[in-house]
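Scrolling down, you'll hit the structures one after another.
There are two complexes below, and they share chain A, which is joined by chain B in the first and by chain C in the second.
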Partner chain A sequence: MKAALKKFIFAELIYHEAPDRFGEDDDLLEAGLDSMGIMRLIMFAEKEFGVTLPDTEIEPDNVRSLNALEKWIQQARSA
Partner chain B sequence: MLLEPFMRQCRCRPEAPALRENGLRLSYGELLARSQFIAAALQGLGFMPGQRVAIHLDRGVQAVAAVFGVLLAGGCYVPLDLKNPPARLAFIIKDAEVSTVLGLGADPDWLEGVAWLDVERLPSKEFATVEVRSTDLAVILYTSGSTGCPKGVALSHGAVAAFAEWAADLLGLAGGEPIASSAPFFFDLSTFDLYSVLGRGACLHFVPSGLTLSPSRLSAWLQEQAIAGWYTVPTLLAFLAYKGNLAQTPLADLRFLIFAGEVFPSPALVDLAESLSATRLYNFFGPTETNVCCHWPVDRQCLDPSQAIPIGWPAAGCELHVHEENGELWVRGPGLASGYWSGGRLQEILNREGWYPTGDRVSRNERGEYLFHGRLGRMLKCSGYRVEPAEIEAALHALPGVKGCVVVGLNDPTAGQRPALVLALEPGLDLGEVRQFLQRRLPAYMQPCRWQLVEELPRLPNGKTDYQAINSLLEVS
Partner chain C sequence: MDPASPKRLSEEAGPIRFNPADYFTFVLDQEIRDAGMPGGYCGFVLELGGEPDLESLQRRLDLLLERFPRASARLEKRGKRYFWIPTGRRILLERHRCSDGDSLRIILEIFNRKPSSVEPMPLSLHWIAGEVGGLLLLNWIHPLLDARGGKILLDFLGSNQPEAFRESPSLIEEKLSQWSLWKKIRFFFKAKSHNEQANSLDSSLPTAAEQGKQSLRFKVRRYDAAETQRISRLAQQTTGLAGKTLYYIGCFMRAMEQAQVPVAKEGYCVPYAFNLRRQNAPTPVFGNHVSCLFARATRSQVGDRDGLFAHLLAQYRQTVQEELDFAYLPLMWLGQWLSPARYAKLLRKQKSGGELSSAWFSDIGDLRWGKEGFLGVPVDGLFTLCWMTLPPGLALLIGQSNGQLTLSYSYLHPAVDESWLERVMKRMDAELLETVA
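Then we have the complex of A and B:
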């Protein structure tokens, strides 16, 4: 899941970071992920992983890093 | 002159709330006092009417007082995008020939040879009233330039006032109404917040910046603040419609929403119109040079997820003309920019016939409404920002070892367009260095989303760039 998220983020949402040097806990918001990026990321994740991410859980902390994202999506999946 | 309606509010209802930012509240009287304090400090330093002052502050209470202070002193403000790389900011400061920069704290390293004033540490001076004429410049908004450098669109007091008064009438803004504000002051959207809203005695509520990342918190905030209106970009509204928890947050006080800056994807607009069935929706359209020249009050009967919405009807006293040959939209009217600021004078933007040719391709439908079909030239619209491919190319050409490069736009379902790059490098220069170089020169929204290296740039037999070949290179990559 993390690999798919990373691939999507660096192909579609953030262009000015070198993905190979980007760690799983590095800050995506600081790297330029903005509201439009988060919206597209959620659309992608819901379709790709067959999950509904609840409106009230869309928070900066849940999308801040690749690890946070994966944890959040997995929780939503098992809920 | 642009501030006259605001001054009238200050005289009639000085106690009325003008600004709210987090816990901070400012009345009309307090805002005027703070603005005059800044104007007086500028005057104390020998500031002359007509000079330009850059605003190095994020949107908010301090920035409003700084902008109004400059205008009260008879100056023209140049709002900066603090996210721009220092090299670009330094260029703008130099190009606009600003006398002073208003900011917070110590002056930044990149600033050279221009006075820096910390708005929280200003000397107390006596304010002297200055008369301004409607033709005096009020603001220079910098945007991407087709000649390779940022370009300053200079707007007069009269031009901004023409839009502000028209919009205030259209929306029927009333005293005391809470209006949300999220537009940075370097975007022309902010002229509605600053001059329509504060000219009519309504109250600006600054949207806390973190909320744009969390649509359900944003809708909760709009509800709690009893927001009556908001002029913003489609992206935020689409996010709100998609994940804003609107079923539980009905936003009963929200009378109107205005959006501009990019095309609103119709499926998302249909969702928004359904979720907020009692809110009037408006599509505003126009390049910075015209501020707003077209508007479409959204007609819910005509919304179709598979069709783009019209840009509608002439706005703000503009006359529109569709050029017979290429369908280009021509505009004239009271809201037009005075010109491009260039080397201390204004460069004409009107054509020989006295119209401003927008470079936008339009047509009219059977109801007579104008429809937008894209750009004639190379300009791209990326997440609401204007991006001239020539500015990215010029930045790259400044790097030794770049043999050649071409930037084109790739269509994107949400961002509108994104810049993509094909480039040829001399041996010894690697792509990583080029990326780093460009990051220091250009803002994030101008960074290419695709980098395609080639040995030689594809050219037509006559030596010109082969754009068809460029596009196919990017499509297959």
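Then we have the complex of A and C:
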């Protein structure tokens, strides 16, 4: 899951000199993920992983890193 | 001649064809010119705390032309398509001294001057020296690049590693080439119906004027760090982390409505750009790499603050879900073969012939210059400005740097009533900071 998220983020939303070196806990918001990008990322995750991510849960803590995103998506899956 | 001189390189560069978004902005440029104004010129202004090394800046301009021949080019129509033809003409840093402390007046003089009829430059750079520091103005014509490109170009001029910046293909054409013919056709019809939906609501406008001699003016509202943080927090509470831009748009619709918009129709439509550039990417520098999105609301929706933000967010979610952001690309691609006037009639205006945009809008986001600033000089602030069509005669341009938000209102005088705009700005403050009674 994290690999697919990472591939989408660095291909479509954020430029990074060396995406391979971007860690799973590194800060995506610091790296440039903006409000429009977050919405596109959520839509990608919903389609790719077959989940619904509620608007009320779109918070910095849920999108700040690849690990946080994965945890959020898994929680939504099991809800 | 030095084999690597700009002149020689630009001769080798050859014509550079407009991409679909370049042509869209060219259509707007032509409308602005047809109304007797200079054209679709934009400005990016850095407020610098000291004077940068101007000789070094000139050398960077020379390097810009060497690396990106399109920086100095003329427009040419070949068949039905438009091209940039590099001329190799040197871009000279234009130096101004502000003796009366009113450096903004000099910016307005630059914007309101008639472009030279002999090969006007598509891009110019101005240093306006103040008593301490000054303003660095990048002035360009929209078909050349978008606002995000303007930031990248300034980064190039101030970078220690200019070699990291390079020419690259149009992101729109790259995207289109990844899709099958059927996907493009499907998207085309989606975009057409999206356009028709946007057209279904007659847009309220800041002015009834459609012609007459106009000049560009602007007002800048700066929010300090505490106010900016407050706005950011409120935006997150209201439209969520994913809807900051929609918070600005919703507040702006409400501010116009509360100030009694001069031409009140069924609702508001604020088109805004969907940028295909990745955040922080140093390339592409030139070209427009945007698609178009619409924020639309009826006047009764605008009247209900909470309801309006929920509506705008749902509308945006649906747009992304249905890929309407990307759907616009094939429409723009096909539009390249239409004349500017026909393009405007078929794709830009409302069916009634009226103007779709209640105002022009741009949010360039949170920009950073780092500890080194610009060529070693601290960047104290920034703002942007632009010409726009009449109507609407008004543009709200948003940017943030050093944790401080700036709203810049560009408008046409006398088309837009300044006392009305002052009221809009006051209401905008109240809406953004939620100090609404």
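Quick notes on this one:
Basically, the second predicted complex is superposed on the first by the 77 of 79 C-alpha atoms of A that agree within 3 Å, B and C clash if a C-alpha of one lies under 4 Å from a C-alpha of the other, contacts with A are read in each partner's own complex, and residues count from 1 in each chain.
What we mean here is this: contacts are C-beta pairs under 8 Å (C-beta built on N, C-alpha and C of every residue); 3 or more make two chains touch, one makes a residue touch a chain.
Not measured: the values here are computed from a predicted model.
After superposition onto chain A, the partners chain B and chain C occupy overlapping space and clash. Contact with chain B, but none with chain C, is seen for A:18 once the two complexes are overlaid on the shared chain. In the superposition on chain A, contact is made by A:36 with both chain B and chain C. Of the two partner chains placed by the overlay, neither chain B nor chain C lies in contact with A:1. Put simply, chain A uses residues 12, 15-16, 32, 34-36, 38-40, 42-43, 55-56, 58-60, 63 to touch chain B in one complex and chain C in the other.
Looking at the complex, you find that chain A touches chain C at residues 10, 12-16, 31-40, 42-43, 46, 55-56, 58-60, 63. Touching chain A in their complex are the following residues of chain B: 210, 212-217, 235-236, 238-239, 242-245, 383, 414-415, 418, 432, 435, 438-439, 444, 447-449. In the complex of the two chains, the chain C residues touching chain A come out as 240-245, 274-275, 278-282, 313, 316-317, 320-321, 365-366.
Contacts from chain A toward chain B in the complex involve residues 12, 15-16, 18, 29, 32, 34-36, 38-40, 42-43, 53, 55-56, 58-60, 63.
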